[in-house]
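Sharing a structure here in structure tokens format.
By written order: A, B, C and D. Residues from 1 in each chain.
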Amino acid sequence: MNLSRCYTIADLQRSAKRTLPKMIFDFIEGGAEEEATLRRNRSVFSEITFQPQYLRDVSNRSVSTTIVGTRVGSPLIVAPTGLHRIIHPDGELAVARGAAEAGALMIAGGFSSYTLEEIAGASSGPLWLQIAPWRDRDVVMGLVERAHRAGVLALCLTVDTPVVGLRERDLRSGVKLPLEPTPTQVFDALRHPRWLARWLGARDLEFANFRSLRRAGGERGAGSMAHVTHDLIDPSKTWEEVRWLRNVWRGSLVIKGLLRTDDARRAVDEGADGIVVSNHGGRQLDGAPPTLEMLPSIVDSVGDSVEVFLDSGVRRGTDVVKAIALGARACLVGRPFLYGLAAAGQAGVTHSLSIISNEVDRVLALVGVSRLDQLDRSLLRVPSEWGITSSPVSTDTPVPEHAEEGFD
Amino acid sequence: MNLSRCYTIADLQRSAKRTLPKMIFDFIEGGAEEEATLRRNRSVFSEITFQPQYLRDVSNRSVSTTIVGTRVGSPLIVAPTGLHRIIHPDGELAVARGAAEAGALMIAGGFSSYTLEEIAGASSGPLWLQIAPWRDRDVVMGLVERAHRAGVLALCLTVDTPVVGLRERDLRSGVKLPLEPTPTQVFDALRHPRWLARWLGARDLEFANFRSLRRAGGERGAGSMAHVTHDLIDPSKTWEEVRWLRNVWRGSLVIKGLLRTDDARRAVDEGADGIVVSNHGGRQLDGAPPTLEMLPSIVDSVGDSVEVFLDSGVRRGTDVVKAIALGARACLVGRPFLYGLAAAGQAGVTHSLSIISNEVDRVLALVGVSRLDQLDRSLLRVPSEWGITSSPVSTDTPVPEHAEEGFD
Amino acid sequence: MNLSRCYTIADLQRSAKRTLPKMIFDFIEGGAEEEATLRRNRSVFSEITFQPQYLRDVSNRSVSTTIVGTRVGSPLIVAPTGLHRIIHPDGELAVARGAAEAGALMIAGGFSSYTLEEIAGASSGPLWLQIAPWRDRDVVMGLVERAHRAGVLALCLTVDTPVVGLRERDLRSGVKLPLEPTPTQVFDALRHPRWLARWLGARDLEFANFRSLRRAGGERGAGSMAHVTHDLIDPSKTWEEVRWLRNVWRGSLVIKGLLRTDDARRAVDEGADGIVVSNHGGRQLDGAPPTLEMLPSIVDSVGDSVEVFLDSGVRRGTDVVKAIALGARACLVGRPFLYGLAAAGQAGVTHSLSIISNEVDRVLALVGVSRLDQLDRSLLRVPSEWGITSSPVSTDTPVPEHAEEGFD
Amino acid sequence: MNLSRCYTIADLQRSAKRTLPKMIFDFIEGGAEEEATLRRNRSVFSEITFQPQYLRDVSNRSVSTTIVGTRVGSPLIVAPTGLHRIIHPDGELAVARGAAEAGALMIAGGFSSYTLEEIAGASSGPLWLQIAPWRDRDVVMGLVERAHRAGVLALCLTVDTPVVGLRERDLRSGVKLPLEPTPTQVFDALRHPRWLARWLGARDLEFANFRSLRRAGGERGAGSMAHVTHDLIDPSKTWEEVRWLRNVWRGSLVIKGLLRTDDARRAVDEGADGIVVSNHGGRQLDGAPPTLEMLPSIVDSVGDSVEVFLDSGVRRGTDVVKAIALGARACLVGRPFLYGLAAAGQAGVTHSLSIISNEVDRVLALVGVSRLDQLDRSLLRVPSEWGITSSPVSTDTPVPEHAEEGFD
């Protein structure tokens, strides 16, 4: 599908599905077990409606904001995901360039298929690096030092994978890394010639960062993602690990994967600068709540002490506006830019982020504000079951003060 | 489909779908983005049920009412929509005649394809004119003067389009105005010979009012509806524009597109005579709430100071009765009369309005009242989540006083 | 389908659908407008669950009860419906015999196709007669006298048809009475040879009672059911009509079609002996609430002064048990016995009633009671939205006293 | 389907469906009447979501627990079901061996197709025996003595079958015991050659325990399950039967099939050691509530005086974790191990139990605990409609004390 005919993320998703071998598309698309959380991540956004205000001056709008002190052109953050080269040979380099072009901050994945230095070299925008509670602190220390030299602004510690969720699609497809194709998988690849041509034309099939991490983990040969992660991640790690990391890393620190207010406050106590409310895109615990529903209480529990970000399920501008109105600073997107990468490499990544940013801009006008910091809960209608008490959903809300600016 | 076999608006919708090229049907039918608001506009009506009362004298019923002081034979108002000639060459003239025959007030659309004077000439019933916050006040002043001369009773200012909603169907079909057919569209037209014959047989394909507005906006050549509207509408306009309009226009003033109580009260403060609770038929902000749900609090917030009308989603007599029982004075209908126009020109317009009016009449009898002003909330069961407190939904409601008339 | 293979009402429904011309099946099956009330009449029963109690002596069970003082073998009442001969030539005679065999009280329909005297002659069980607020009191007086002579125990006054609901299926099929077949209808009949053979073999195609009523109404020739009813029923009639009827009729009086507590109390005040909570099987006002939901407040509002019956949607024994536990004395069933009549005449009527009665018997055992009068709300779980306050749904309900009997 | 390709219980279910004649699969799979309770047994689990906690040391996890004083390796209990030999010739022997291998306690069914002594001989794990309120106390006394000699730890008295539920699938398939094949059933069997080969190859087609029970019940020849049960079970039995049994049986006593708090407390008063909250897998009373919803109030009503188990609908590890967090000690599984038995005999039984146990282990890690006794309601989000008051669902729950262990 021609990129200019892709008007929405759903269009890019269809394009990616056509382009990629089923095994790889399912690896991106799938969630844990029965995918209930995956589905709910989408449906939860429709439970909230807007209370738009009209006849405000919305002629000068901006979707730019600051994220942990860094000015960015978009409220979208490229979520940490791994192994982009199995989607497109330009992999993380295309993502870094595409994100920068779209004004979006990028979080390089711990399991990247290019080295951190290569990614940092390609990126002209702000860059964070994702890590996890690796078994070996020497591995972490090595990354901390490389990250510092590469200009990484923040480390993003993913905490929701003490073990890997049961991703049934991957069990059924038999996906392993490095790719060791079975006959079924070869047949699958042959039916997707566009992907195959890219793959065969790539000069270098190494998965740089991922390889070196695996060597650190001590394993050789191919294995499922679950096996690889089990080798590397230590499920005995506790908040003590955050305290240690806080001491050895001088940049910003963001904790990703929290869903409880007590965990959020603990993160603040341990010195985090940001929290990502995430259920890992529905890939870890099937039955985890949708993040949007957990967001308001977490925002309320930490106050202004840290920035809170929302991950999992964001596909449209209205999603982003709802999350920010509920207190998120910005939203992580994962699958959307991977669809774009599959569809058209770097241009597809930029296109995917621009689709959502443009939608955010339009929605700002339609709810009657000009800037992201003018969004608040008075512009939303939240179901009473959500129990949001600090800013009750009233149909009789006074106009928020900041929104009065520019009237008359 | 023979008009006499069209018993419901859904029948007329099917007929219109068969008659019109897909591009044009979708232009009428579509909503913004994922069309969640569009669907909810329909489903919301079924959340409310009736508490009918029996053994009342309902032998002499009437569906007539007054709208901003004008006596009308129907509680239906022809909503402002544009470019009727792309549906049927008689366009707004057929609508004006058909509405008058059905006893319904008509709001001529700002983007009409006949001139206001032509429409007023065809109409033997009450006529309003829709405008928007046009960039150029001279354009508005010109319309104000023409409206006065043409006997327009009220100006209806649409405020919910500071920018145009993302209508994906139009993006995909590539519809532009004036119609500049692509090969696909020609093929589409050829498959709808009834529409094509009408179109080719029309002597004059000008879109009078729309053309002159576009010239005022400065643009030439074909463009999407979004482009056209962007050229004409000024998103910097605020309530100041209402104040100015109130001063230059001596007729009635109705504000269309409000969804908040504070905006409704502001409209009252600025001198409006009526408010249309509308989400633009789901065509602007996907995620806007269904209007029926917002209606009661808006009615309560403005009291008797203005009349409140309901727009968006009305297709049946039960919808109208529910809206009026919740406090609406009358209901706007848009797509229904366009279906009728597509099906059979003027006769189809009358038929579409009569279907709903006849249903209203029957429902009055079945809930046990004779006149629209006897409808109130005690005849409804509203879900408790709606939080209507001024007239609690009780299963133990005393018989409303006015309903006692005619007993014994 | 062999009757012995019909285990449920749904089986009989399928059999009836196969047997009857579509026009006639739809005439039985259809509801008003979009059939929302029709569907909700069924789904409402699943909103309530049981709180069964075990280890009670349920070895001697009975489903018999008394209805307005008459001992019956079943808590099912044959609802008043008309024109049974278009389904089966034995018509109301088969129904009367089948109902008596099943121990069920029958309400003869006002539009019956055999005369009241013929029905009474065939019936060996208790018989009521349905009337409506006919235009002409002489017609009513004639019926009152005939009913008295025929041994009718109660008159059942249907009040929810001041006008006839919009039944779209009938509009589309063009059904008229007497049947004046169009070519399409002839073709329909030819495709249902079992029904056609019955029809052609019937000696007498008169619709006795219906004919005489129509003559009283003054109309000749064929007309839709809506037209026929309009000719006969006077929408100006009020509670005064009930007062008059109460004076001229010495038997019991039951008002059918009430959905409000104030109307129910008015019925008590006017001397009714029973109230049927009914929405006319979803055939009158689309958007009328499901009767089960209205039942508890109506039961509570009238106390023990009258018996309350539930109509509309009953298909299974669990439905009956739920209704009785919420305070109904018995349940009317309409379509179920008509399905049975279509499937197998008198035997089918008995079978249909026996299916439900046997289910009631089984459910009594499974919820832990032996008699219908041991059912109460403590055996149910009712959604809190229903707002039943007099017998709060608690998961900690003390064992009802009557249920203690037979312990140890 | 190869057992190694069966990753979930749903996979085993598909395998069983392919392997078994329809009549037998439906006998296992079916529920009462419209199967509403059967479906709700599954859907209820998705109403509850988790509030997972992270950065806890979850490196040493265990799913073992004690059940009425017996240490077991799994929180799963093999539910009492009958006639396993119609599924696989190894029948209950395969189940006993497979359960022991998986570390699960087994409840031998009263209608087993091997004798209790044969089952006890095959089992190397803990064994309970299910009985019902048999008509003849001599039969029960005989079982009590045989159970004592066979080393049975507890009797499990099923109380929810005073009569047998209406299982429509069995009515339609005409299943009878012993199997007396009709032509349709022979055809069904021929289409399932794997099952047929097993069946024909079995040396001994007797249903030992079931036969002897039937002889005790006095019936000869084939009959439906409903008939067989009617012959054996006495619906007049009350709590007096529990009192008597408590006196004659010196082992533990568990009452299965309770759904009310008053019944649960009565069981405690009569000396029960455990209670199984069960709706008989949706096979008895259609409209019985889902057990998960009844669990919390029953747990709260009996306090620590007995152990409470959850039956009906458990298919995944998340289900088990939710039930235990709500207060259950362990969960019964029925159909899952029958699917495994059908798929692969003893190995299939073990596989089915291991699938769920492994899922439980993973979920423990993902919600942040190491042992089953660390699960409590603070890790769940329960809908407010459930009305759980003793441990309110808060998004601001303090970390449970026991979960603090092992931190830092």
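Everything that follows uses one rule, which is that contacts are C-beta pairs under 8 Å (C-beta built on N, C-alpha and C of every residue); 3 or more make two chains touch, one makes a residue touch a chain.
Quantities reported herein were computed from a predicted structural model and do not represent experimental measurements.
> Could the interface between the copies chain C and chain D be described as same, meaning over half of its residue numbers are common to both, or is it different?
Shared-number fraction below one half, so different.
> If you average the CA atoms of chain C and of chain D, how far apart do the two points sit, in angstrom?
It comes to 42 Å between the two C-alpha centres.
> Provide the C-alpha centroid distance between chain A and chain C, rounded to the nearest whole angstrom.
Once rounded, the distance between the two centres reads 59 Å.
> So which bits of chain A are touching at least two other chains?
Within chain A, no residue contacts more than one other chain.
> In graph terms, nodes being chains and edges touches, is this line, ring, star, complete or other?
Per interface graph, the chains form a ring.
> Using the touch rule from the top, collect the residues of chain C that touch chain B in their complex.
Touch list, chain C to chain B: 33-34, 36-37, 133, 159-160, 162-163, 165-166, 168, 171-172, 234-242, 257-263, 284-289, 294, 297-298, 301, 385, 387.
> Over in the complex, which chain B residues touch chain C? Could you list them?
7-8, 46, 48-60, 316, 318, 322, 359, 362-363, 365-368, 381, 383-384, 395-399, 406-408
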